[in-house]
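A, B and C are the chain letters, set down in written order, and residue numbers restart from 1 in every chain.
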Amino acid sequence: MAVFQHTLVFRTSGRGTYEITEQVREAVRTCGIRTGMVSLFCQHTSCSLVVMENADPSARRDLEAWLDRLVPEDVSWFEHTLEGPDDMPAHIKMALTRTCETLPFSNGSLLLGTWQGLFLWEHRSAPHARHLVVTIFGD
Amino acid sequence: MAVFQHTLVFRTSGRGTYEITEQVREAVRTCGIRTGMVSLFCQHTSCSLVVMENADPSARRDLEAWLDRLVPEDVSWFEHTLEGPDDMPAHIKMALTRTCETLPFSNGSLLLGTWQGLFLWEHRSAPHARHLVVTIFGD
Amino acid sequence: MAVFQHTLVFRTSGRGTYEITEQVREAVRTCGIRTGMVSLFCQHTSCSLVVMENADPSARRDLEAWLDRLVPEDVSWFEHTLEGPDDMPAHIKMALTRTCETLPFSNGSLLLGTWQGLFLWEHRSAPHARHLVVTIFGD
């Protein structure tokens, strides 16, 4: 077995989900490991990861809108508001989704279901550069 | 270290949690690896995984009922409704729980707590065949 | 590659988040593996793990208060109430956060973001001894 590790940077343009499946697929294809797992770790507490349907964009729009309503910005008792009204909701949305997501692969190909994609979920309103640590391990 | 990978198929009979601990235990027991991690990856976006109490079934009933109320089917503004009223809630429930769950094992035995079990959580109303990729790695 | 596994025990003093980053950092530093992943598995269904901001304590207070309101104790239809009003909410909060959390490391150092810490989240009101299985694998 071997382990391979590097960092990917993604530039977001504000709140929403950004598909990163192709970049992960490419990392797996070129690392020389045939069978194993690829783990993505999000080095931030105001964005997160989620595996979601990648066929019909309306599924992601509904997911994003639903979470926006569950965790609204106008919560009067929030203390942690220094960076603006989207600061604390971003942390909560992160905690409800995933900091680290791990995908299996075989013969150099991701073993995703037909409609699955991996998404970086930006929870802040402003654009950000987001760093994900990719760790690939296997045979 | 070695890596071992295969797919398990589970047939669900509609919404609810289905314990799969025994199948995972058997996969670990027979793979020849003694100490490491077993990772289950759910190849779908309308069912998910969760580690939950497996002693008293009322705990799972309450968990399922609570999530049904948090993510109801009758949301008027959902766009993604082609497959029925349980379609979009299933994606949301999946995003709030886990696509990939990883359990440690030692001497061929899962290191679960006394009351822990691993469950496949079907979020669709109709029966489905669900594919989980099992990846076991360790010494 | 090698795998290293042991159990850490933490004593909580009731509901709240407890930072465990230093203990994980120490486990990685002393295990002899340079590059890989460290996985923490929580052997309980009424506490959980979360990566959260560790700079400003108000962020954690708001996160905890928000989840307490999302999953209140006074739900009249809960069946699973034998251990008290905090029993079922604890299971639900666990299911919405993480049982297993995995962090990458390189050259013996955790690759956390500047403001990230790992927290054990106690969801029960009474103090508990909580067992986490640490599995470290890599080169």
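In this section, a residue touches a chain if its C-beta (ideal position, glycine included) is under 8 Å from a C-beta of that chain, and two chains touch if they have at least 3 such contacts.
Not measured: the values here are computed from a predicted model.
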How big is the rotation, 0 to 180°, that puts the C-alpha atoms of chain A on those of chain C, in steps of 5? 120
Over half shared or under half: which fits the residue numbers at the contact of copies chain A and chain B, same or different? different
Nearest whole angstrom, what separates the Cα centre of chain A from the Cα centre of chain B? 20
Find every residue in chain B that makes contact with two or more other chains and list them. 1, 70, 96, 98, 102, 137
In their complex, what parts of chain B are in touch with chain A? 1-3, 5, 39, 41, 43-45, 70-71, 75, 77-80, 82, 88, 91-92, 95-96, 98-100, 102, 131, 133, 135, 137
For the chain B and chain C complex, residues of the former touching the latter: 1, 35-37, 50-53, 56, 58-59, 61-63, 65-67, 70, 96-98, 101-104, 106, 111-113, 115-116, 137-139
